[in-house]
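Everything on this sheet refers to the single structure shown next.
When the chains are written out, they are named A, B, C, D and E in that same order, and each has its own residue count from 1.
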Amino acid sequence: MSVVETLGGAASGLPASPLVRRMGWRPSRAVLATAAPLALLGLWQAVSTLGLVAPQILPAPSRVAQTFLELAADGELLAAARISAWRLSVGLALGATLGFAFGILLGASRRAEEWLGPSFRAIAAVPALGWIPLLILLVGIDEMLKIIILTKACFVPMAIATRDAWRAVPRGYAELGRTLGLSRRAQFTRITLPSMTPMVFSGLRLASGQAFVSLVTCEMLAATEGIGYLMVWGRTLFQMDMVIVGMIVVGASGIALDQLLRLTERRIRARMGEHV
Amino acid sequence: AEDYPRTIRLGDVGFGFGTPYGVSLQAVADAKGFIAEEFAGTGVQLEWTYFTGTGPAINEAFANKQLDFASYGAVPNIVGKAAGLDTVILASTQGTNIFAVARPDAGIRTLADLKGKKVALQKATIIHWAALEALKKAGVEPGDFTLVDLKNADQLAAITAGSVDAVFGADFLLPLEEKGVAKVIFSSARDDADASGFGGFLVSRDFRDAYPEATQKVVDGYVHAAEWIADPANRDEVFQIWSRAGTPVPLIARSNADTDFKQAFNPRLDGEFQKRYRSALDFSVAQKLVRRAPDLTEWADPSFLDNALKQKGRDALWPERRGNAS
Amino acid sequence: MSHPPILSLRSVSKSFAVDDTRFHALTDVDLEIAENEIVALIGPSGCGKSTLLRSVAGLEQPDDGSIRIAGQPVTRAGQESAVVFQDHRLLPWLSLRGNVELALEPLGLSATERRRRAAACIDLVGLTQFADSFPRQLSGGMAQRAAIARALVVETRLVLMDEPFGALDSILRSRMQEELLKIWQRHRVSILIVTHDIEEALYLADRVVVMRAQPGHIHEIVPIDLPRPRRRDSAAFSELRGRLLRGLATQDHEVAA
Amino acid sequence: MAVSPAQVLAVPFADPDGRELWAGIGASLLRLVAGATIGGLAGMATGLALALIRPLGTAFSPTINALRQIALFAWIPLLTSWFGNTETAKITFIALATFFPLVFATEQGVREVPASLREVARVLNLSRRRQISALYLPGALPAIAVGVQIALISSWIGTVGAEYAIGNGRGLGGYIANARDQFRMDIAIVGVAALALIGVFLQAASARLIRHLDKGN
Amino acid sequence: MSHPPILSLRSVSKSFAVDDTRFHALTDVDLEIAENEIVALIGPSGCGKSTLLRSVAGLEQPDDGSIRIAGQPVTRAGQESAVVFQDHRLLPWLSLRGNVELALEPLGLSATERRRRAAACIDLVGLTQFADSFPRQLSGGMAQRAAIARALVVETRLVLMDEPFGALDSILRSRMQEELLKIWQRHRVSILIVTHDIEEALYLADRVVVMRAQPGHIHEIVPIDLPRPRRRDSAAFSELRGRLLRGLATQDHEVAA
């Protein structure tokens, strides 16, 4: 290839060779992804420092950090987080287990879907917000209320995901199981279950998200402790820093749980030989 | 035209299924047009908002510059002031009658019987404050009972479901007695006026500084309303006005049976006011509702009220109370 | 044919319900396959090749007629036959070995015996060094060989293959055909293979069954008496190709979905 | 607190307080439309931008995803402190409830438009605008449709939740809250039933609309 | 070749980053295609056929070398060329007509003119009565013909095809090959076609480019001087098939993914 052509190629707008591209500075994913929140944080601090927004409306990040430390130091935050975490885990464990079983029932049996499907959809349609006023009369305001609401919140997405996962098992795999002459039990454990795993996990992640929403809803509307209550208390005391601490704790735990579930899923699927 | 704003925004506590209506002095001033007539011919519009979210909601509205005047309980306005809201107290108001009800089968007849029981109330409100005062007088210390923080609706459900033994609250508790779910064991108007709700009529400092004349007119109208409501002949009409919020007249009548409106809506910023607000400040600090107590002398501005009282011999209607500090 | 038939179909018919009407996928199909015989099914798309094969595999229930394998009527899937599908259908969460061993599970063998037999079959298809690989780590041809190993490991006397090399490129495909013949020579099974590739049919089969659609039926059965190994460029091969092509081409086979 | 079914059925018609239901539903639906439109359009636009403009996506996707993890109701105290008990607070809340599911669905949907079809758009020399209107939006439609369904339910819950928690003004949420405050269980049950029925209706309507739109597949 | 080249590649190389190393998909490829010429690319899987074609289409950026169409360096996708992919890649939400008209949009024609030209091209591939059908309502062969119509409608002088008939069964495929030749005769375009089917290459092309892998390069270029219409069972055809087969078969081509 002649020099003239090389130059011609470059001049006519061909992108630079990979070598040049590699030498040129390109912001990495991580840098960009952390730049955005840092910039937002900076903006927030600047707005507060310059007094553009009243501190009772938007306290400075430093103030929020200080409140966080104070609440953490006197144990209030930990106590709230502990009770919320307890409710969440019980609700998730119960709701996911029941939802999984119910989803299998709906997926496996047309008749179950026909008979139970409509009432299931009706129950699913009423959000936590609607259940609270009615349930509170039946079971009072104690832990039972929160557990029921959280269980229901997890139950619904888990049941739907499990049912869909059951139905999405490739027909080819089911046929394979039959032609191999596997027992029903073996077909379920060796074929159906593994192929349902990804969808069931996404249902589980959805359930955990729903659990958080319901947890905060019922702690804000009908509770005397927990992170949601902490935020309402912050509102009552007109201390936005406390509210924001609550939001951060809720958001961070939501992300953490989601990541944990993703990781578990990846582990399980990797062990099953999948490339994830 | 520069002397008056185009609109003046007033806020008070309210209830109702549709648009909420007020259940206190401002509702009367609103319905009877006492403040509006002060502004006759000026073109000033009055805008009333009745907050169902009560104290915190009014604080938020002040913070967002959506309100110029508001009446609300001492505890939330102390919380707001301490958090940096620049308000000024123009007048005081007693208003709210506080009740305690107990489950009939719990063997509770007086406040003293609440020792060792589960008591529900909404924390960080004047009810919380008044309840602790009343209980202290009855010899029940905070350590003697279990306090459960519940909002109004949940209190009703909780005592009905038997989750708590007694509830402190306002007149929304009275239907429970009718339904046989609970019986009234305490009424502040009947048993201990010092444990009634107490609060203030506040203006934002910005408004007062910008429109002193308008502020004066609002206070004049407000005092006029207090004067009108103090006349026992008007009681029935007051109940009618308040019933727009959804509570039937008989219930309002019953809840106010022991209330002397002249005293309840006494606007004076006198010794009694000082005493009650100091108590509320102490309470707020003790309960860690505020990080630092606001300075009362700087906060209250009696000048507008004094002008209003000088007119038409109102001075005599509400003599200064000494307020023997306890 | 000197052997008794391993597979025999007698006037098999199968129709599907399609929008209130019945679509006749197979009508009155008669076919016998002898021990050790390779029979290829060809025909235009939709003529019922897969339906026929699936009926033999017990995956479809014919409306009428009888299907017998080694004299026994077929009543359940995978009875006395093993199936190789066009897509390899290896389970992605099992290693190659795991996939092959899975086929042995219903036989109630000991784990060591399972492992031994799976290893032998994996060796037969030349994948020993990939036994612990997962399907995604195998190329298309390797995966298809693994599927064949899975079909052979249970040692049924009849292997059913539905376009087993359809997804492979032509070079790989001809190599796989040779390997299949080698395995067949060593293992002595009967094979019923569906293909849409005339050359493939000619290269592999003892007899080629030409099917036609609407309704699906057997048009003709062409015995291929060429000696093995067969040469694709021989005149006899070309002649037979021409004959099959004519047998196929007379029918319009393209139908909108 | 037992109430007979007949009593409950009569509430929306006979009871003077119960009759407020209709006005409440009307107000709620208006709010829903306002908030969901704002949040929905913003969500789709943001999702499209995040998916199509790479640096923007890398920079902001994680942050938005993190914000999404904050359970919806946790925003209420912040919003009331910013906007007070106003319509703005409620509509912002409803918009948020709509925004998050749609950003995510749109971004995901656009990202998942097969590379093979993107290449077609490139070799056909389609303009950027046409790539969006002829390729990305229709291609992402199934994902957006699912997002719309989730967003609609989430915004309906958001609407009632906002009215319930923020108070003031008409609305189904305020109606239920008031019924509870005044211990009118009959009215509360009617309110909850209306909440559920409208939710089911919205879900069914969105499903039908989507089936109608999705004619290519 | 009497005409000036419509396409010319000069020492084109392309590598991909694979786990820290670079994989050389194409090295030093030189190729020219004349006006009206049909050139077929064959070679084992992974030898870079698609990479070459995609580079010409502007979908890949070569590391080195120059690609010129009608004398102009290729700088963007779809410049002066139209592409037919193996999978038809019709947009599922547009009707057949909509898909074909979409290709005309960048040309800035009036709506009626667009419609006229699209209709003419749809007619050319014999799909007029299906113009308003959606892709899912078309059979594989019809969809592929629609994709060809979409490529022809813009009237570029160069059409690039990557295994355009790979997904079709053999009978349909030979029919499509004939149709392609008919269209080519009427339309007089140059065609670069990737295939893994030796017969297809022999049947269609003026020259067959045989590629080899590791690294991807051109092994030989075989001119096919058979007169058209060609007969697959002619001796010359068989001879050329043998030659190409040998050219391909010497290389090991199966690589684990």
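Keep in mind that, in the parts below, a contact is a pair of C-beta atoms (placed from the backbone, for glycine too) under 8 Å apart; a residue touches a chain by one contact, two chains touch by 3 or more.
Everything numeric here is computed off the predicted structure, so don't read it as measured data.
The fewest steps needed to get from subunit B to subunit C, moving only between touching chains, is 2. Chains that touch both subunit A and subunit E are the following: C, D.
When the C-beta contacts at D-E and at A-D are tallied, the pair with the greater total is A-D.
Chain centres here are C-alpha means, and the one lying farthest from subunit E is B. Superposition on CA atoms relates subunit C and subunit E by a rotation of 180 degrees, given as a multiple of 5. A straight line joining the Cα centres of subunit A and subunit D is 18 Å long. Rounded to a whole number, the gap between the C-alpha centres of subunit B and subunit D is 38 angstrom. Subunit A and subunit C, compared by their mean Cα positions, are separated by 47 Å. For this pair, subunit A with subunit B, the centres built from the Cα atoms lie 43 Å apart. Residues of subunit E in contact with at least two other chains: 136. Multi-chain contact residues, meaning those touching two or more other chains, occur in subunit B at positions 56, 60, 63-64, 153, 157, 160.
Those residues of subunit D in touch with two or more other chains are numbered 1, 80-82, 179-180.
Residues of subunit B touching subunit D in their complex: 15-20, 49-53, 56-57, 60-61, 63-64, 66, 152-153, 156-157, 160, 172, 175-176, 179, 246-247. Chain contact summary for the complex, subunit A toward subunit C: residues 172-173, 175-176, 178-183, 186, 190-191, 194-195, 197, 269, 272-275.
Residues of subunit C touching subunit E in their complex: 44-45, 130, 133, 136-139, 141-142, 169-172, 196-198, 233, 238, 241-242, 245, 248-249, 253-257. Taken together, the subunit A residues at the contact with subunit D in this complex read 27, 29, 32-33, 35-37, 40, 56-58, 121-122, 125-127, 129-131, 133-134, 137, 209, 212-213, 215-217, 220-221, 228, 231-232, 234-235, 238, 240, 243-244, 246-247, 250-251, 254-255, 258. Within the complex formed with subunit A, the subunit D residues making contact are 1, 55, 58-63, 66-67, 69-78, 80-82, 157, 160-161, 164-165, 173, 176, 179-180, 185, 188-189, 192, 195-196, 199-200, 203.
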